[in-house]
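We call the chains A, B, C, D and E, going by the order they appear; numbering starts again at 1 in every chain.
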Amino acid sequence: MSDDTDGGGRTGALPRILWKVTKIAATVALTFLGLLVVTFLIGRVVPVDPVLAVIGDRAPKSVYDRVFIELGLDRPLYEQFWLYLQKVLSGDFGQSFLTKRDIADDIARVFPATLELATVAILIGTVLGVPMGVWAAVRQGRLADQVVRVLGLVGYSAPIFWLGLLGLLVFYARLHWVAGPGRVDIAYEYSITVKTGLLLLDSAMQGEWEAFGNVMSHIILPASLLGYFSMAYISRMTRSFMLNELAQEYVITARVKGVPEWRIIWVHALRNAAVPLVTVIALSYANLLEGSVLTETVFAWPGLGQYLTNSLQNADMNAVLGSTLLIGAIFVGLNLMSDLLYSLLDPRVRRQA
Amino acid sequence: MITVDGLEVTFRRGGDTVRAVRGVSFEVMRGESFGIVGESGSGKSTVLRAFCGLAPTSAGSVAMGGQGLQTPRSAAFFRQVQMVFQDPYASLHPRHTVDKVLSEPLAIHGFDRREERIEQALAEVGLGAGFRFRYPHQLSGGQRQRVAIARALILEPQVLLLDEPTSALDASIQAEVLNLLDRLRAERGLTYLMVSHDLAVVSHMCERLIVMQHGRAVEELSRAALAAHRAETDYTRKLLAASEGYSPAPG
Amino acid sequence: MSPLLTVEDLRVTFPTRQGPSEVVRGVSFTLGRERLGIVGESGSGKSQTGRAILGLTPPPGRATAKILDFDGIDLRAARPATWRSLRGARMSMVMQDPKFSLNPVMTVGRQIVEAVKFGATGTRAEARDRALAMLEAVQIRDPERVFRAYPHELSGGMGQRAMIAMMLVTEPDLLIADEPTSALDVTVQVEVLRILDRLVAERGMGLIFISHDLRLVSSFCDRVLVMYAGRVVEELKASELKQAQHSYTRGLMNCLPQIEGGQRPLPTLERDAAWAK
Amino acid sequence: MSSLSRRDWLLSDQPASRRQARLGQAYRTWLSFRSNWLAMVGLAIVLALILVALFADVIAPYDPVLGGDLRTERFLPLFSEGHIFGTDDLARDIFSRIVHGSRLTLMVVVLVAVIATPIGLLVGTTSGYFGGWVDTVLMRLTDIFLAFPRLILALAFVAALGPGIENAIIAIAITSWPPYARLARAETLTIRDSDYINAARLQGASSARILWGHVTPLCLSSVVIRVTLDMAGIILTAAGLGFLGLGAQPPQPEWGAMIAAGRRFLIDQWWVATVPGIAIFIVSLGFNLLGDGLRDVLDPKARK
Amino acid sequence: ETPADTLIQAWAIDDIISLDPAEIFEFTASEIAGNAYEGLIGYDPADVTNIYGKIAESWEVAPDGMSITFKIRDGRTFASGNPITAEDVVFSLTRAVKLDKSPAFILTQFGLNAGNVDEMVVQTGPDTVQFKMDKPYAPTLVLYCLTATVGFIVDKKLVMEHEANGDFGYEWLKTNYAGSGPFTIREWRANEAVVMERNANYSGDAAPMARVIYRHIPEGATQRLLLEQGDIDIARSLTAEEIDAVRANPDLKIQEGPKGSIYYLGLNQKNENLAKPQVRQAMKYLVDYQAIADTIMKGKVMVHQAFLPRGFLGALEDTPFALDVAKAKELLAEAGLPDGFAVTMDTRNTPEITGIAQAIQQTMAQAGIQMELIPGDGQQTLTKYRARNHDIYIGRWGPDYQDPHTNADTFARNPDNADDAASKPLAWRNAWEIPEMTAMADAAVLESDPAKRAQMYLDIQSEHQQTSPFVIMFQEIEVSAMRSNVNGFIVGPSFNDNNYAHVTK
């Protein structure tokens, strides 16, 4: 097509950006509203009496009735939702029935643990998964490919909680290679001043290298396990993206130019495969954040997953709503971010953005 | 038979608008074969698609047999007008056998004697009964295009829209398909509206043609004028020169 | 003068479920500093011939030959290092469709400079200058802009010119052009061909021009190979095409419709099983 | 008909009837599938699962729920006499529980496939085919479900409906369809403007007919592949719910719940949790291998 | 390895919902409060009849039995440094009544309420406080009730500094600390840890441990691993198998103490089969008590079949029932159900309850009773139980204070069997209508002679054991596993008696 065929009117650049931003904002808002409604409704049909969760089994009726009203359970459903919505919009997620603290405080306390775990895991998954996928693609059909495939399949197929227990047994109890459950040994707990809540970061910034080492030896096993699972996914996707890219004409062009093979693989093809890979990695990151529920149980990791499970089982609906919103927000945020990265990596999209 | 008057087609995509067709008018007589030539992206296909309701008309009018066409097109319209697409590799459903491809339109329009009609349609396009239960991947490009033509003809339409029916085919197979189309028109008295970027093909097939550039019809020519290289616009002359093959000096 | 390229009994085989399938079956020819056209219908093995010469037969395919000699170098035994020193620097290929043949996430400039870098020595700035000069040589009016542009920002014609610039920037001795213009509009086609023509004439390269358009090849090239089912059925001077002996070649010539009007119905090609033997 | 000629009949390039064409197509698919030995292993595992589930009553030597004598038959190790996989804390035969548990696993697989696949296909193809506001509404809905963390949504549903394998299945199915809808939509978008769909429109085919007869069959294979590949994840999610006490409930011999119950004895009576762990692993592996194989055969994009 | 001055315990601490003594009612929080707060009086965990003064120096029961006067010990201080005065005592008790949180009934059952508490609990001198009641309750009952966490004394000055909207500092105290015990509560991170520190201002002997930390480790296996590696000092929730393993490990030791908790089946009398006396009786013969106690619950329970746990005044120690399928079949036949019947049992999905339930399911099946387990998490089964929607509920009940009335009140009293009754004791939850037994239990409360009172409870239990719709099975034994260098950990009969003020390691 020659340069001027699309001579039709194009709307200006600025309104287009505005249009896009508005659209994204509307999408996000809608998604959130949906999340709120669904979680709220679930919270109301759970066959658990939230009053009991607050007052326990033995309280007399008078206490029961008072708490029932305190929790606003006497009002009609839509009114409860409306009140909740208003509060959320003003940034108040309410108090947890169980911990008696503001949900925001609770989440600020538990979330960094999960974030740290998931981040280390995704780093492990990416650093291993991408090269493995590339390698498998380059060696398609050969032994290396099969090895990577089997490794990946094992990662897909084994129940994580089982692997976690076995891992603890082997690497902690028998071999003493890693530290046990929990985030840090008590001995170091108070040598780190918690600022970000990410203990690795906090200890490193404060120069507490011994504590850093301890935190590391605690996180390495659960993170490796989670990382293994994302590695399985990432390497599989990398392989298929790379196969796709390596079959493209531009790869032949590069060969014709005399570009060495390593450069074709790692610069030309991978650079193109990176575009969809970003989304895959972002997605597995988000999945790790939520998928750590099981790992957290096994490793006594005081994170969001445990908080949420516990809140759900006790019908602590404010806590459930708050955490779900946070996780939803992370999903949406990661999606937006991967879109953004997508457009940074892919000049074809960048132009339009 | 066909009247297109001031046709405009505008596509909106995201924040973009593309004016693909900008005020094209022409008329095709009953039994005539009319051609549209032009380069890639000039809007040829869009004219055809707008005519049969597959693309949105933003201005102008299209009519058939003197009657304006309403959107969406009626079932009766589809019995009169059928289309053959450019790429035989993309115009057959990969999971449908030839038999299924041909029987479906019959089922939709409630035709009787289906078995007979299918066999006859296959025979007409020069495919034996042995092709009836094949899948597209078991057919060559030329054979596929024959199936596509059979599919278009099985509803016994009066007008056939041909969107570059041979441009994806080798020269030798192109000749066979063009001959087939020629024969069918003669036998059935069909009206053709044919799009191509190949001047030679259009001049072989059509009595009259228009030349399109950037969504506009820049020139209308008869076959005789084309054969005599009597083009009026620069653009058409360039097309003509290019179709001669390579000439070292800038012409 | 010894020929630039000698090919004898080139065969390309792909394993398939029905057993190995030979798609190029004993092609032999020599090439000097001239324009050699290869024509034939789709699937006749033209592209695979071209790729086999550059050692780019896609796995799991395999290419074999009695002789495959480029300027005294036996390509059959070439190691990856030899190939790297040859490809780009001394032999190149222009591909059909710039839309797919250029890396979409690299600027055109980088892709050209890359060709210089791996083909010759020199500083970055030199490489850049050479790339810009080459872009000018293929008649790009604003080389700086095209240098910075991404492939999708160029029209087909511009992209194909950039592709040619990339392949010629190292001044190779042999250029294989595989349907270099069939994805382009007719009006642009001619311009690109002229650029190619001029560069070949100026630099004295050997050119293999692959196309299925007999008319185009006959008017562009000096010599023509006609392929059918993986074999060369006829080899002749472009000017002698009208006197072609083989019925396949003649059939190809005749079945094209003429603007001036011709036979009706068009003569069709009656395939003869003997051609493929 | 001799076997050779039957093969020729199936592989004929000129089938003489609809049936021959269809069977021939299936046979060709089978042939290319058969050449992938890993996929065949996967198929064998899945078939074995089905057989074991069907004949559980015959295969299992003991009752899966009622155990033996608490004082003498607890924690018999692997390969004990009469208890090849040993017994658990309530003196139940682990082999019998594994065999009966295959029914639950199969039920999870089948029900999720039967619920989630049609929803995903319907939403995705409708959304992709019609575009416009239909697309916007359906995709927003899908996005909401996608933005919902999956395990957590499942947890929430189970919390709402009460623990139990049926509710876990419903929860998993409800959270599984959005990716299928996305996939079907993406596929539909590429198909929607293809010429064979245009041809069908030009023949006056109704939208429903096009969706059902033309679009869905094409999306089906990629969705089926995806569902098969997801099966491992689904089994693991069900097991994970069981592990958290929200899926299948004791004394049901669901494998995840068995791990959950057995993890208390992992250190000393390791086989109690490990045998079901291996069972889950093998079946997940089977579905993964099968899905990979199916993709190689059915997905034209992956084939080249 | 754990630091020498720090005691680290692994436990499931997710039951903590508050640290305010006026609200504390759960195991973990009770234990924490027991080590961080003090009450007026306490008892010797080894011999609960030995009641002694803590914050109170002495006490005196009025001749009419309608009030008790406490004399506050001099010179004691809170952790904040404030002195402990009679004012604090009055404040703490009236505060608990006025706040009216879940455990407030322990005090209000003596006729106190928000309206009259200011007259009922009064300061009568510079260091004397009088506690008045509406009836002459048995003095031990009152005293035991005052040893419960709800009677713990809080630092009025400190608490009132944090008062907001007349809440008596409740919002603040539920996550903070204002006590006088050997340890202070430094931090509670829900589901993660509770950190306690030695109270520098403690009036008694300073605790050897500078820090006591509870780590939330719900998994028994994980606790065991940590304990074996020496990463914790005490593991609090091991299973029977793990306890066996720990016993065999020379680095570790076990400390156990009977707890007041009782495992029982509640048979809902709204179910027509279960309402038949022979069926109730048959069920009592269909549990293999001893096998369960010897295998799946080994070391964690002892067979016990009356509603008062051993160690309580008047506890009945007879265990007349054992697995006897033939007898049970006979009884069922008598009840017109020779082929058994189908029934459901709501079961909490904790490993222990589930294990017991499954074992019972097996033995019931031998008599033809098809028992289907309906598992659910704690809140769900409880919600259902309280709504009397169950057939059978398998439960565990812990006494609220050390007096027999606590269990008699719930197992043997049902003053109003209507669906909307104001109080919902276990007898009510199983729709067991027992006016006579209720009257017997009420009389026992007012008996001030301990011996007579004990006999009254024995009588009630004997009848209860035979006729009630409760299959009482076991009494819990709390087992803690610890590193062998840990000494001085005291496991008392109730959780607020568990004491680590003297632990050394």
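List of remarks:
Criterion: a contact is a pair of C-beta atoms (placed from the backbone, for glycine too) under 8 Å apart; a residue touches a chain by one contact, two chains touch by 3 or more.
Every value quoted in this text rests on a predicted model; they were computed, and no experiment measured them.
The minimal number of chain-to-chain contact steps leading from chain B to chain E is 2. Listed here as common contacts of chain A and chain E: D. Geometrically, the chain at the heart of the complex, using CA-atom means, is A. If you average the Cα atoms of chain C and of chain D, the two centres end up 49 Å apart. Note on chain placement: the centre of chain C and the centre of chain E lie 90 Å apart, centres being C-alpha means. Between chain A and chain D the centroid-to-centroid distance comes to 25 Å (mean Cα coordinates, whole Å). Across the assembly, chain C contributes residues 185 that each touch 2 or more other chains. Residue positions 1, 47-48, 165, 169, 173, 297, 313, 315 of chain A are each in touch with at least two other chains.
The residues of chain E that reach two or more other chains are 219, 221, 225, 377, 380, listed in rising order.
Within the complex formed with chain E, the chain D residues making contact are 65-67, 70-71, 74-75, 89-90, 162-163, 245-246, 249-251, 261, 263-269.
Residues 219-221, 224-225, 239, 241-242, 245, 288, 291-292, 294-296, 349, 351, 354-355, 358-359, 361-362, 365, 373, 375-377, 380 of chain E are the ones that touch chain D when the two sit in their complex.
By the touch criterion stated above, chain A contacts chain D in their complex at residues 27, 30-31, 34-35, 38-39, 42, 45-48, 149, 153-154, 156-162, 165-166, 169, 173, 240, 247, 286-287, 289-291, 293-294, 297, 308-309, 312-313, 315, 320, 323-324, 327-328, 331-332, 335. Considering their complex, residues 49, 52, 54, 75, 78-79, 81-83, 85-87, 90-97, 99, 104-105, 108-109, 130-131, 133-135, 138, 148, 151, 155 of chain B touch chain D. Interface of chain D with chain B (complex): residues 13-18, 20-21, 25, 194-196, 198-205, 209, 213-214, 217-218, 300.
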